[in-house]
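Consider the two complexes below, in which chain A is the common component and chain B and chain C are the respective partners.
Up next is the complex of A and B:
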């Protein structure tokens, strides 16, 4: 394949992103970054009553960023290797009325549980990753009952891909935003809020919702690729 | 504390049960159970976040993906009646031309061959209902509608034995032997009142015990042995057809026929 200007641009952009991320990591000083005493630190420091969330979405936000990147690469790999040969018609499983009815009942519950876990991850156990997987399981259950074509008609693949990439881009920008403002990267810019309130924990709820969006779109794209590739669910 | 210890003791047991299952579905369900117990252990260890992730991914998503993955893989189920040279029990082994073709075909697809011996009359029903993937055992092309027959892999003929000669005209034979071939008693065949139709392989086997020649009629139409496949399994049907065609082109089919039927 002949190199084209677009490829050059893509390479330059990738190098820039890598440099900025490296710079961001450099701006975090391990001596001043709190690490040993997360559990003893007062809730007031992050505003989140769920201390696990305060670790992985505040003190150690960059860990979560790398996890997201790993997941992004996994989705990219599956799409790259399986996306080329897609079968157009995938019949639904010949399932009984019981499966169809319970799928219809469980899907809204799965989405509701996902939203709940993502929105309240700063207060109670939960978070974006689990929320996204639960919502994607709901989509999978529905596709078993109604067929994957029924879901594709309602949710376009392009929309899912845009959500998947857009959420990662927004997350990356949010995490790097403190840099031009003269703060170390991954610093929390939003007000802490009252601990225990829905809008508390600074950026944690925002991150959780974005991660949930990214995970549900990514997990669904992977499952959809598997099903489309082999031509049956 | 007791609950935690009990769970920890249960974990390796459940893991061992899951690992030693031969059926894939049972093994996957065992793995799901393991994930569930692990999630409960995390919860008892005051790590609800980890427990939640273990339950959603380990118990939910992974189990679903594995179950979907094994739907296509697994076994090729064959129902057949014994037919000399084609599908024969030899001790605890099965030999014969048809068995060899199907065993190679299953290996070609990466499936385990699973054979069930049934009376000849049940073969078509079991294939039609989807309980078996392929029907075999001296199935003669044109015997019954409602199932997909592959192209014939071997020429054969039909013979009517015993009884009066009235029932042996042109067309489809009236009374095909329908039970287990192993139960067929050659001597009773010639003394029975109703004529019984046999295919070439079974007829030759019966003929070895002494036969009064005048009680045998050969059907004039040329026939062929074939496999039967469920009408909904078009992919399996065309794959088996193509595989037989390939064996024929390689000359392997003739070699196998020579080996089992000489």
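Up next is the complex of A and C:
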């Protein structure tokens, strides 16, 4: 690739952007920055010992809500632009005993890991987003081994769509439920529980499970659209 | 150190988005900028000898800052969503114009516009 004046300009602009970002980061003193207190706040405020979960599902729940909306719009966009021209007959892959056996072994493990991460995200590393992606990759693995028709027979697409929209709707209602009760929106209504217990963290486990359902349905709808559109895996 | 590597990755990705003409390469570069920014965020939250921020009382030792880690979560999900959507648009362009070269596609679109039919 021959160097052109435009390339030089792009590089210079990038270096300027990077320098500004660096300056912005280094002008913040980590000891006095407002976010430095999140980890020192008492655990009774949220009930979750996993402070990352307490940040994104309690203190800054609106961040996660907007993130879910972005994901929802992306799923809608992918399905809108790819779904209209699906190929009905996806040819089955060449049978491979190794792939089928390992998929049969790994799929329950992926689902189990997803459930574990979603249910215990408040006291251990994990959370709804990662759990959903892990379970969806288990589905993808199975579709590689058995073909996408095998999954479509077991899980109807309508069911996935309903799970995706229903989970988002329930999440929205849960986040707005405090308003008619005279509390600010996004407030946590459930009891906090003992820190470190499985049922602790107020609404955080509930949010994690709903987010996991939403992400597994959304990610599977995206992957399925790509496979159906291309006609093979 | 990790922060510098993240900044360098981000810069490489940004330059590649600007100067490479292949749309798929542009998307890969977008993923690279995302990886760089994630590395930066994790590095920002790190402290010397920091421990995992999972604790009932977090005052007895130095803990990593949980806020940038929560932002990493958003960054990963949104990167996945953006890449999937952008890939769909690239697929539509490739199906129509049989090329992934952005400048070639622009020429073809311009030709379509000049012929009056719209893209």
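Quick notes on this one:
To be clear about the criterion, the second predicted complex is superposed on the first by the 196 of 233 C-alpha atoms of A that agree within 3 Å, B and C clash if a C-alpha of one lies under 4 Å from a C-alpha of the other, contacts with A are read in each partner's own complex, and residues count from 1 in each chain.
Going forward, a residue touches a chain if its C-beta (ideal position, glycine included) is under 8 Å from a C-beta of that chain, and two chains touch if they have at least 3 such contacts.
Quick caveat, the model's predicted, so the values are computed rather than measured.
Shared-chain residue A:156: touches no atom of chain B or chain C. When the two structures are aligned on the shared chain, A:117 is found in touch with chain B, with no touch to chain C. Contacts of A:126 after superposition: chain B is touched, whereas chain C is not reached.
Of the two partners, chain B and chain C, it is C that touches more residues of chain A. In the superposition on chain A, contact is made by A:81 with chain C only, not with chain B.
When the two structures are aligned on the shared chain, A:195 is found in touch with chain C, with no touch to chain B.
When both complexes are overlaid on chain A, the residue A:137 reaches chain B alone and has no touch with chain C.
Once the two complexes are laid over each other on the shared chain, residue contacts for A:50 go to chain B and to chain C alike. In the superposition on chain A, the residues of chain A contacted by chain B and by chain C overlap at 50, 52, 125, 127, 129, 133, 219, 226. Chain A meets chain C in the complex at residues 1, 6-7, 10-11, 13-15, 17-18, 21-22, 25, 30, 35-36, 38-40, 42-43, 49-52, 54-56, 60, 63-64, 67, 70-71, 73-75, 77-78, 81-82, 123-125, 127, 129, 133, 195-196, 215, 219, 222, 226, 229. Chain B contributes residues 47-49, 51-53, 56-57, 60-61, 64-65, 68, 71-72 to its touches with chain A in the complex.
The touching residues of chain C, counted against chain A in their complex, run 3, 7, 10-11, 14-15, 18-19, 40, 44, 47, 52-59, 63-67, 69-71, 73-74, 76-78, 80-82, 84-85, 87-89, 91-92.
Partner chain B is touched in their complex by these residues of chain A: 50, 52-53, 117, 125-127, 129-130, 133-134, 136-137, 140, 219, 223, 226-227, 230, 232-233.
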